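Each of the next two complexes has subunit A plus one other chain: subunit B in the first, subunit C in the second.
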Partner chain A sequence: MKHLLNDMNPSFKFVIVTLSMIVMAFFFNPWTPLIFCCGIVLLQILFSQTNWKLWLVCMLPFAFGAFGYLWTTIVFGRASSGTIIWSSGFFDITDQQLNLALSLSFRVLAFSVLSLMFAFTTAPVKFVMSLMQQMKLSPKLAYSVLVGYHFLPLIKDEFVQIKQVHEMRNVAVKNSRWLRLTSIYGMLIPTLASSVRKAESAAFAMEARGFTGEPRTSYFRPIRIKPRDYWLSLLFSALLAASCIIGVLLEK
Partner chain B sequence: MPEEVIRLNNLSFRFPDCSKAVLHNVSAIIHRGERIAICGPSGCGKSTLLYLLNRLYPLNCDGIVSGEIRLFGKNGEHYAPGEINRRIATVFQDPDAQFCMPTVEEELAFTLENLHIPQADMEERIAGILSLTSLTEWRHSKIHSLSGGMKQRVAVACALIMDPEVLLLDEPLSHLDPVTARDFVCWLDRLQQLRQLTIIAVEHRLVHWKSFFKREIRLGKDGRVIADGPPAEIPALLFPSRLSGKAAEEALRIQGLAVEIDGKTRLSPLSFSLTRGEVTIVAGPNGSGKTTLLKALCGIHQASGTIQAISRRGYVPQSPEFMFLTQSVSQEVAYSGISSLQEIKGLMNRLDLSTIADSHPFSVSHGQKRRVAVGAMLADKRQILLMDEPTAGQDAASLQELYTLIGQRTAEGAAFVIVTHDMSFALAVADSVVLLKDGAMTGKYSAADFWTRDDLLLAHHLLAPEGVAIHEASIE
Partner chain C sequence: MLKDWKLKEIVLMSLFGVVFGIVYLVFIHFGNIWAGIIGPIAYEWMFGIWFIVSIISMYIIRKPGAAVLPETLAALIEVLLGNAVGPRLILSGLVQGLGAEAAFAATRYRHFNLAILMLAGAGSAVFSFIYGYFISGYAALDPSFVAFMFTLRVLSGMVIAGMGGKYIADGLLATGSLRGYAISRSGKGDAGA
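The block that comes next holds the complex of A and B.
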């Protein structure tokens, strides 16, 4: 039970997440995203292994963003109608305005919670493999993403190397934040040069192993669609429908 | 006579944007089961020839080919893309840039999927190739966590799983330490006999291969075949004899130098000293802390302990281009502004950089890049130079050049600390050797009596170079 979301077919999950986002965009009230948001977190708590500490850290910027929406809409939004519910020396807040502000910020929260749910429960390699198998993504594109993903730590190591050598040559850079920022430009060229070289050798190596980019006919570890994928999709859809209906009812 | 697998008829090749041909009228017949080394100086078209054999060229570079390549009795051009690659497999030089999946098993499966092998047969073939190559233990290992030697073995396994008839190798040993390289060659020898493979390898130094190859095709600088036959007696790379530039004045003394990164001890306290003009080789197995030592010496890594030195230390990384900051060679050397114009001019002349003063540092040859890096360090008044793996992947000419460079600089009083796996180079250049193992220093030994101590060498994954006997004789 604790792995259901992690084990769910990544393409299926991807489609459900995308659909939910599109549907949510049509419901502009504070309740729909709020309910949906709480539901997703609940599902994630029940059916997945998540590092919640990391989740909170990742959620932080989105929370700031949501608060930013709330604040700017309240303070700068032009209230045209509605009853004033709170007033300070500089601005008045009407109930409509508050409603608008909450709708916006909860929507931001709902989208980010949904995205994080996807990111935290999906292994990147498995996702790409599944896209290739279920969504007919071209192997050319799929494997270039995989190789790129695979190269990230290598490129980071090299970037650190380059940075260290540059700092040795120009000690001033080490001690000044501004110089450190501007010197990144100089480091990009060596990093880029070696990345291009690496990319070429990787492409050669793949081709030498018979990779032509044509669709594959068999997979070593096929990623299949199982009954649980339908059940989970149903669960997501139910949550989405419930939050939409309740949202609309409460709005009235 | 075994059947013929590859026939080259007057093969010439040039790149589209270059008027000069890389390969000139190359003709050769290769039979099943042969072990062939393709040798020659850098830039002679060795790798190009290899890429023509597995059909990566000319399609990938729009190169212009004349003459004919017959593969298994059929014109190479008549094979569909990818068709020939399952019969002629390739292993590349860089262990890091030839994998695209995270684990060994998935990487092998990637190859099988390319070949449209039915899923039911995959398991059997993967298990089979893993046991053939003695890699079963590493089946689920993450490839990036393996050592360079293991990565090359995995690359060979990935090539062999296609059940190829010909195996092409592109300088497979250049990133391996001597003992790992020797083990790799023994392992490959056994595999070749088991599978009756035809092996064609590009290699500019045959020393590590001992008697592995039965035939050598040697290409000249202009891309013509200059020799084709049994390998010539392997000449131990002989460097002109050099007077040690070692002087009495101490250049560097370190005491209790230790490095700790993120709470992990990378280097236990070590102490040694160095005089002006001395060349010290730092050697030891992969991951023993050699690079960490260099980086601590030049201040890249925070280190405890004391360093007393006549000047700052200059670090030259394995890829010299990592340190370039400007648009031209002359600006690069003058970058720090520490030396006067006059001094820089003299330095550029002595390093033979004046002719390329206006070139972009990325556009010059590898040897020149290294000279630019050394020049920049010397212009910073850094008289102690730390070089990280300057010999990796270098051909004989480039090594000679490096050797000369070191000889001239030591004569001027600079001291060198050099990390290298190339023991014949070390033999020629070293005044002393510092051995590292597991982040601790075993000791600093004088080069005069170091090379005969087999126990010490083996314990540090080193092998005495071929030339030891000759060298000793020449000294006597």
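The block that comes next holds the complex of A and C.
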């Protein structure tokens, strides 16, 4: 039970998560995203093992963003009717406006919770493999993405190295934040140049080992669809439907 | 679409996706903290950063798809790295890439001068704004405020993605590592311009 979400087929999860986000965009009441948000967290508590401390750290910047949405929608919201519940010298807040503002910021939170659920329960390599096997992503693209993904630590190391070289040669002694921003260019070019070389040698190595990029019929590591994928998809859809219906009913 | 692509071009595209995926993520967090203070408008002036990989890779590879694919791949890499924007990034990457691709397709992939690159940046901005209007519910905001956001985003797409992208790609060309790609074969870098 504790691994159900981790074992779910990544393509199924991806489609469900994306569909839920699109459906949520049609609802402008605060309850739908709030209920959905809580439901997803509950499912994650029940069916996965999550490092909740890390989860909170990841949520933090998005909570900030949601707060920005809240007050922007209150201040710059479309002028609406409804009873005024609070007013300052510059603007009046009606209950409709507050509802709308809350719904948009809860939507930001719901999207973040959903995304973190996906990120915390999906193994990256399995996701790409599943995209290739279930969603018919071209093997040429899929394996190239995996090559790129595996170069990630190398690129990171190189970036640090370039920075150190710059420091050693006194290139990057810039004090103001603005000047430091412009020095990104000096770091980006060498990083990109070396990734061009890496791409060339990786592609050459792949071709030398007989990689043609033709679609395959069998895989070394097959990712299968099991009955639990359908059950979990049904569960997510039920949660989505319930939060939509309850949200609309509660608003009336 | 991938038939006449060389494997090294595809791998290059995904490595660009990796590098810019990291850059994009850094700026998303930067933007989020700003957005807490000044609201969603925080993203608008720097939105062009998120279109830049389309421009750079199309300018270098010059094949149909070289704008929409790397943007989508960069988004996929961002998802693989794990973050709280999540799978919907792939959709928004696709939309942004299509915007740039539309501009290049309209000029039939013949010209790659600054004006076209800036047009592509604007194309990404327009497409992504339509998508954002829907998904983030801008309909709830005052129309004049939305118009202001739109103008900022298009300008950012033209300046940061269009001009900035060309600047970076030209800098990369000068290092000599792009031998063997379409950008070097076109002489001065501006094919047919």
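Just so we're on the same page, the second predicted complex is superposed on the first by the 236 of 252 C-alpha atoms of A that agree within 3 Å, B and C clash if a C-alpha of one lies under 4 Å from a C-alpha of the other, contacts with A are read in each partner's own complex, and residues count from 1 in each chain.
To be clear about the criterion, a contact is a pair of C-beta atoms (placed from the backbone, for glycine too) under 8 Å apart; a residue touches a chain by one contact, two chains touch by 3 or more.
Source: prediction; values computed, not measured.
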A:217 contacts which: subunit B (first), subunit C (second), both, neither?
first
For A:167, decide between first (touching subunit B), second (touching subunit C), both and neither.
first
Which partner does A:46 reach: the first (subunit B), the second (subunit C), both, or neither?
neither
Taking the superposition as given, does A:209 touch the first partner, subunit B, the second, subunit C, both, or neither?
first
Quick one: is A:77 in contact with subunit B, with subunit C, with both, or with neither? Answer first, second, both or neither.
second
In this superposed model, does subunit C or subunit B come into contact with more residues of subunit A?
C
Between subunit B (first) and subunit C (second), which, if any, makes contact with A:238: first, second, both or neither?
neither
Contact-wise, after the overlay, does A:135 reach subunit B, subunit C, both or neither (first, second, both, neither)?
neither
Determine, under the contact definition given at the top, whether A:153 touches first (subunit B), second (subunit C), both, or neither.
first
Under the contact rule defined above, give the subunit A residues that sit at the interface with subunit B and also at the interface with subunit C.
147, 189-190, 193-194, 197-198, 202-204, 206-207, 211
For subunit B, which residues count as touching subunit A in their complex?
51, 54, 56, 60, 81-82, 85-86, 89-90, 92-94, 96-102, 106, 109-119, 122, 126, 144, 155, 158-159, 162, 295, 298-300, 315, 317, 319, 321-325, 335-336, 362, 376, 380
Which part of subunit A faces subunit C closely enough to touch in the complex?
14, 17-18, 21-22, 25, 28, 58-59, 61-62, 64-65, 67-69, 71-73, 75-79, 100-101, 103-104, 107, 111-112, 114-116, 118-120, 124, 127-128, 138, 140-141, 144-145, 147-149, 151-152, 155, 185, 188-200, 202-204, 206-207, 211, 213
Contacts from subunit A onto subunit B in the complex sit at residues 125, 143, 146-147, 150, 153-154, 158, 161-162, 164-170, 186, 189-190, 193-194, 197-198, 201-212, 216-222
So in the complex, which bits of subunit C are touching subunit A?
2, 5-8, 10-19, 22-23, 29, 31-42, 69, 73, 76-77, 79-88, 90-91, 134-137, 139-143, 145, 167-168, 171-172, 175, 177-178, 180
